[in-house]
Amino acid sequence: MALRVTIWNEFHDERHKEDARAVYPDGIHAALAQAFAGDDRFQVATATLDDADQGLSDARLAETDVLFWWAHHRHADVADDLAARVQQRVLDGMGFVPLHSAHVSKPITRLLGASCQLSWRVAAERERLWVVAPGHSIAEGLGPYVELAEEEAYGEPFDIPTPDELVFVSWFQGGDVFRSGCGYRRGRGRIFYFRPGHETYPTCYVPEVQQILRNAALWAAPTDTAPLEFGRRPPLEPLPGWTG
Amino acid sequence: MALRVTIWNEFHDERHKEDARAVYPDGIHAALAQAFAGDDRFQVATATLDDADQGLSDARLAETDVLFWWAHHRHADVADDLAARVQQRVLDGMGFVPLHSAHVSKPITRLLGASCQLSWRVAAERERLWVVAPGHSIAEGLGPYVELAEEEAYGEPFDIPTPDELVFVSWFQGGDVFRSGCGYRRGRGRIFYFRPGHETYPTCYVPEVQQILRNAALWAAPTDTAPLEFGRRPPLEPLPGWTG
Amino acid sequence: MALRVTIWNEFHDERHKEDARAVYPDGIHAALAQAFAGDDRFQVATATLDDADQGLSDARLAETDVLFWWAHHRHADVADDLAARVQQRVLDGMGFVPLHSAHVSKPITRLLGASCQLSWRVAAERERLWVVAPGHSIAEGLGPYVELAEEEAYGEPFDIPTPDELVFVSWFQGGDVFRSGCGYRRGRGRIFYFRPGHETYPTCYVPEVQQILRNAALWAAPTDTAPLEFGRRPPLEPLPGWTG
Amino acid sequence: MALRVTIWNEFHDERHKEDARAVYPDGIHAALAQAFAGDDRFQVATATLDDADQGLSDARLAETDVLFWWAHHRHADVADDLAARVQQRVLDGMGFVPLHSAHVSKPITRLLGASCQLSWRVAAERERLWVVAPGHSIAEGLGPYVELAEEEAYGEPFDIPTPDELVFVSWFQGGDVFRSGCGYRRGRGRIFYFRPGHETYPTCYVPEVQQILRNAALWAAPTDTAPLEFGRRPPLEPLPGWTG
C-alpha cells in the first residue's frame, strides 16, 4: 500500500516575491511533490495555508502518513489548534518532515520544546551536506556528501534538542557549519528536520535532495505498533495492597 | 558561591487530603528543602502555587539556578505565562527538576514536546530504583539500587522523548518497570525528571532520595557559557556574493 | 530480494546438557530458524562452532546480510580472527544480532568496547519485556509487553555503552530490571542485542519472540549506502596552502 | 583534592621531525602540561612511550584520574597489554582524553569498537570549531566558536559510534566538516576525543584550546560511585524457584 504523503506549504513567498516565483512558479509544494511523482511507493497530495481549514482538516491529517511542512513568513498565521493537531498526530505515529525555514514553525517548536533558532545569511553561497551517519537509510543512494551550488546559509548554534539521529552536517562557504539533517522520535511518530530549501534557489529540484526527501518519507513512515494506553492500571502480579 | 535552589510546590494535597497531611504536615516543599539543609553548597528557597505571582515572579526566577517542581492536581491552574517563563529560563541555562506527578505539568510538557503520560497505581508497593548509568554523577554515593518500601507505581509506556541520559529504571512489585531518572538538555539548561515522591508515602525523607536530589541539583547547575545569539550574521570568510 | 539471514550457534549445551537437549533437541539454531521459516522475505542458513571455519568462512560472511549469534560456554573457543572478521563485516554494513548469553561473546565486546557483564540467576522466574520505544519497528506487532513464563534472570548493572536505541526493558519476578533490547550503530552496520533465550526454557518457540527476531532482522538489514573511504583527500575548495 | 592528570605522549615526531621539533621542542606533552600549570585544581604528570613500562605502569595508571593521550606514528608499538589496561581503567572510572591523531590509537579503538578512521589533509588551513552543545561544561568560557589559524584538516566520514555528547563540529577552509569534540561513557568512565593538535602547528599553546583541555579533564573526572559487581546474584524478592 502506498505511503500517503501530504506536502503542506505556506505558499506566500512564491506568490509575493518575484525572485521566489521565478524559481518556483507553481509553489514550492509543487516542486517537492515532483520528488515523489511516478514512484508508486508514494501517494502524494499538497495543501497550503490559504486552503480551507488551512489545508489540514482532521480528515486530511488522519489520511496522512507523512507530512512535509515548508513555511517562512507566516508561522504566526498558523492556528494554534492546527499546530496542536499536528503534534498529536505525530505522537500517534504520523511522520513529520519540516523543511528549511520551518525550523521555527509552530508544530516543530511544540514538538521539540526549544526555540529552534539559528543564524542565517542569504548570499548565494556553496553548501556541502556531509553524511555523518553513513549507514543511515536517509543517506541511501548518496555519496559522501551532497553539494548545492547556491543556498542560504544557516549557522550554529542551532537551538534544538540533541538529535536522536544526526544524519547531515553542512559546510558553508562563509565559514559556518550546521546540523542539517536531524531525526527525532516523539510518541510513536518520527520527525526529520532537513535544512536546505530556500525559496530563491532551485534546491528542491536537485536529484540528491529529492532522493533525501523520498528516503525521509520512508524513514518517517508510521509503524504497525499498538496505540499507547495510559491511566490507572491494575497490577500484573499478586499484590497484597491492591483492593481494586 | 552557593547554588540557588528554589523548590516550588503546588501545595494542595498536603492541605486538603488527610493522608498527605499526615506525612507532609508542612508541605512536600518543606520536606524537599530538608535535603539541602545545612549543606553550604546550596541556598534554598521555597515557593507555592498560591503565593503572589504563583510563587515565581520574574525576579525570583532570575535568582534561581535550579528549580524543583512538585505538582499533582492543579496543573491547569498554573498560568501559561508562568510555564512559558520557566521554559525560557531553562533555555537560558536554569536547571529544572520536575518530580513525580509533575510529569504532566505545563513546564515539562512544553520543554519535552510529548504527552509525558504513563500508567499508575496506588497500592503501597515496593519500588527498587536500579542505577543503569553507574558512573553518572546523579548516582554518586548510591549502591546498585535504592529501595523504597511503599510507593505509587508508574508504568511504561512513559510517553517521553528518549532521555539524553537515563540514570534510573524502577522495578515495581506489581509487575511494572519505569524510566525513573531521565536527563535532558534544552538550550543551555538541563532537566532531570525524577519519578518517586507520592504525597502519601514518606519518600522525600529517605536519605538516598535526598542524596539524589542534591546530586540532581549539582548536575543541573547552570554553566558559565556564552548566551546564544541568533539572527542575521555576516560571513566569517570572504564571500563574493555578500554585499552586507 | 530476500534478506540473507545466518544463524550461528555455539551448539554446545544442547549436545551436552540433558535439560537443554530436552528443550532444543536439534539445537537452538534450528529453533531460531523456525522464526523465519515460510516467510519469503528471508532466506535462512545456520552454522555452528564445530563446522569447518567455525561455521563462518569469508564467503559465508560475505553472503550474510544479518548474523544472529547464540553462545554460552565456549566464547573462548571462537577464533580471534573470526571475531575480527565479524566486526569488520558489521562496520561494512552487516546486521548483527547477539542473543542472550552472547552478551560476552568476542564479536560484541569488540564492537561495544565495554565488558558487557551483568548479574544473573537461573530460577525459572517470570520475565516481562516492556516496550519502551513504542513506535520502534522492532516492536511491530507487539502489545505493551511480552511475557515469558520462565526465564533466566539478568540484572543491572549491564556494563554496555548507552544504547543508541533502547527498545525493551525487562521486569523479573526476583526483583531485577534489565535493558533487554539494545540497538547500536557501528560503521555502516547495526547491532541489536536481545536478552531472552536461555537454553533450558522454550523461549525461542514463543510467537512474540519470533516476531521480534524477524523485526530485528529487518531493522538490522544493510542499507544501500556508499562504502566508507578514508585516507588523504585533496581539498574541495581552493586552498592556497595545497600543493597536492 | 587535586585531580590527577597524566599526559601521555608517543614523543616521536618532536624528536625526529624538524618541523615538529621547531614548534614543540620539549614535546607535545610539555605543551599540553602548560594548560594545567599553576592551577591548583590539577596535579599533572607526563609520560612517554619510551619510558619504562611505556610510561604507564599499573601503579601510575592507578594514580591517574584523567589520562590524556597524544600519538601518531607508533600506535603499533603500544603493547596490547597496555591498551587493555587503559581500557580496564576507563571501565573502572578513569577519564580518557585522546587527542588528534590518537583517533586510531589502540585504547580508543578498543573502547569504541569501530575503525575510527577518517580523511585528512595537511595544508595549513583555517579551522573553526563551532560549539554545538552550548550549555556543555566542556564549552565553559568559550564564545560561539574557536578559530585556529592553521591546522591539519580531518574530514567526514569519521567512523565512530554516535557520540553520547557532541560538543564541537569543525569547519575547514578546504570544504570539510568534522565532529571534533565527542564525549562517550564506557563502564564508569568517560572519554572525550578532541580533534585539534597537529604536531607542526602551535595549536596546543592556544588559550582557548588550553581552556578546553582543562574543561575536558574536569568533565572526565571519576565519580564517587560504587564499583560494578557482576555474577550470580540471589533474588531480592521471594522466589519459589530459588533453591540458593
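As written, the chain order gives the labels A, B, C and D, with residue 1 at the start of each chain.
As a convention for this text, a residue touches a chain if its C-beta (ideal position, glycine included) is under 8 Å from a C-beta of that chain, and two chains touch if they have at least 3 such contacts.
As the structure is a computational prediction, the values presented were derived from the model and not from experiment.
Same-residue interface: subunit A and subunit D share over half of the residue numbers found at their contact.
Between subunit A and subunit B the centroid-to-centroid distance comes to 30 Å (mean Cα coordinates, whole Å).
Distance between chain centres (mean CA atoms), subunit B to subunit C: 36 Å. The residues of subunit C that reach two or more other chains are 128, 131, 133-134, 144, 155, 157, 159, 162, 173, 175-176, 185, 187, 228-229, 236-237, listed in rising order. Contacts between chains leave no pair untouched here, as each chain touches all the others. Residues of subunit B that touch subunit A in their complex: 87, 91, 110-115, 117-121, 123-125, 150, 153, 155, 157, 159, 161-162, 164, 173-176, 184-187, 228-237, 239, 241-243.
Subunit A meets subunit C in the complex at residues 93, 126, 128, 131, 133-137, 139-144, 173, 185, 187-190, 222-226, 228-229, 236-237. Per the touch definition, subunit B reaches subunit C in the complex via residues 128, 130-134, 144-145, 155-159, 162, 165-166, 169-172, 175-177, 179.
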